[in-house]
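Same chain, two partners: chain A is paired with chain B first, then with chain C.
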Partner chain A sequence: MATYELIETITLGSNAASVTFSDIPQTYTDLKIVISVRSTYASTSGILWLRFNGDSGVNYPFRRLEGSGSAVSSNAATAGQIGIGRTTGSTATANTFSNTEVYIPNYTGSTYKSVSSTAASENNAVAAQITATAGLWNNTSAITSLSVLDGESSNLVTNSSFSLYGIKKA
Partner chain B sequence: MARTYEPIASQTLGSAVSSVTFSDIPQTYTDLVLVSIGRTSRTASADEALNFRFNSDSGSNYSLTNLIANGSSVISQRASNLTSAEWGRMNTSSSSNTTFSYATLNIFSYSNTSIYKTTLSETSANQENYGIARYASLWKSTSAVTSFTILPVLGPNFVTGSTFSLYGIKAA
Partner chain C sequence: MSTVIEVNCATGQVTERELTAEENAQREADAVAAAEVQAAVDAEQAAKDAARESAVAKLALLGLSDVEIAALVGN
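Coming up: the complex of A and B.
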């Protein structure tokens, strides 16, 4: 049996505000999400959110490092979700989708859950971002479901895709 | 389907130790990936540096460049001729009790005896001084990597429950 297994892929057939992976098997060590998204948000880019187990409480501290091609910045927040990266917005170059990889180690453990992500929204235009995020879910529960959400109250567009992988240690 | 991402070994610490070593690494993969989730026993600060050494080499054969952010500022550093290479940051005993931090180390072409060995690593240690970090490191040796050691710089120890998992990746 492979140790790096595809659990599920969701490809949007119509616009949706969020995508949820439910009933995540508890048989792996770590999880990885690979995301390709574009948003209806009327800007060149928007924010992409992540929540666990339907928890929208202010339980997610995170820090972010971002480069725009001309400047770098870092900020921190504690919110009702983790900002894991950027969506490509509706005013960005047509047919471009942003990419995000999220790693969640020890998702069944009894410690708070760490999240690491790297995102890119290159679109062959003026505005683009590369983003690295360190996040935490202040909860000792096992992660049994996770949701990826458009953080701008807009929709993720058709053909956006989300693949969830399970990784097993030796 | 051929397996391309295989578990080689994993160590979950049953007691505190000052370093973790993976020995007798199979030479049958293209690249290696180490995934760590843990904390150290340091009390003087909420985080500290993680270093690695390949094949027990403590000569001045390592260099690195990094990019680090803490939620408000960003720095980049580089250093050469080091006796070990920093590759990440880890939470300490001064961190929240239930907070273990994540770091992953990618070791490219580790068995290629014609090139120096490069690594690329990332850390996510939220709520700490160096929350987000990316490192590029070099070991100036053409030897195949047959073992490596991970150690906290000030430690003294990795705490019980810290986990280090090594994977091998095969090219097509």
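Coming up: the complex of A and C.
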């Protein structure tokens, strides 16, 4: 029977540019991150980034499918991080936070690391983003740390929360 | 000055500190790089939109109705 365990969770007590989980145990099969964030970015929504082991090199190809409520789009890029989803920005409905779930299988393996995520920004109005992302970290190292960053050079606000789970096979 | 939060999963210790000068520089470089990536993505999307509009206009000139065009290319 598979197990699903909370490794660590944190809720921000003040604004921060990023949150890093370090010294991740190497005893699980997969990792899952559950994120609820709002940003100081002056828009209805911004980008949320993910990096592994502090690597900011252009080693993260990803594909993204987005719907805004009025349009759909898909795009691809290779960057210094994976755009895993959306933040809710400061001009969106007050006190709403975006949701993002990220799955990282085989994070201790020696192959490139795949990432999938789904996200929804929140806004009690027409414009809101829902995003599905598939990405890769072109690195064979085991993942020992991961960072979630505000992708707009803004800050993630108080009460944003981040939970890291470990999943073990039977 | 922005802060960063680090959660050590081995000890449970949470560290909050200000960005170093190096991290600030990285953040600024990240923003520039991300803007370039986004500009390329936007340009690609704009080219796709323009090609679609052109195709729809040509289909209309061939005599297809709006409903028929929508059936082919979506709304």
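One rule holds for everything that comes next: the second predicted complex is superposed on the first by the 168 of 170 C-alpha atoms of A that agree within 3 Å, B and C clash if a C-alpha of one lies under 4 Å from a C-alpha of the other, contacts with A are read in each partner's own complex, and residues count from 1 in each chain.
Note that contacts are C-beta pairs under 8 Å (C-beta built on N, C-alpha and C of every residue); 3 or more make two chains touch, one makes a residue touch a chain.
These figures come from a predicted structure and were not determined experimentally.
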item: First (chain B), second (chain C), both or neither touched by A:56; value: second
item: Touched partner set for A:168, first chain B, second chain C, both or neither; value: first
item: Partner chain in contact with A:27 - chain B first, chain C second, else both or neither; value: neither
item: First (chain B), second (chain C), both or neither touched by A:91; value: neither
item: First (chain B), second (chain C), both or neither touched by A:4; value: first
item: Partner chain in contact with A:75 - chain B first, chain C second, else both or neither; value: both
item: First (chain B), second (chain C), both or neither touched by A:158; value: neither
item: Touching partner for A:132 - first (chain B), second (chain C), both, neither; value: first
item: Chain A positions touched by chain B in one structure and by chain C in the second; value: 73, 75-76
item: Chain C residues within the chain A interface of the complex; value: 2-12, 14, 16, 19, 26-28, 30-31, 33-34, 37, 40-41, 44-45
item: Footprint of chain C on chain A - complex, ascending; value: 7-8, 10, 12, 14-25, 47, 49, 56, 58, 73, 75-77, 79-81, 149, 151-153, 155, 162, 164
item: Residues on chain A engaged by chain B in the complex (per definition of touch); value: 2-4, 29-30, 61-65, 72-76, 103, 105-106, 110-112, 114-116, 118, 132-136, 140, 167-170
item: Contact footprint of chain A on chain B as seen in their complex; value: 1, 3-10, 35, 37, 67, 69-74, 96, 98-102, 104, 122-127, 131-132, 134, 161, 163, 165-167
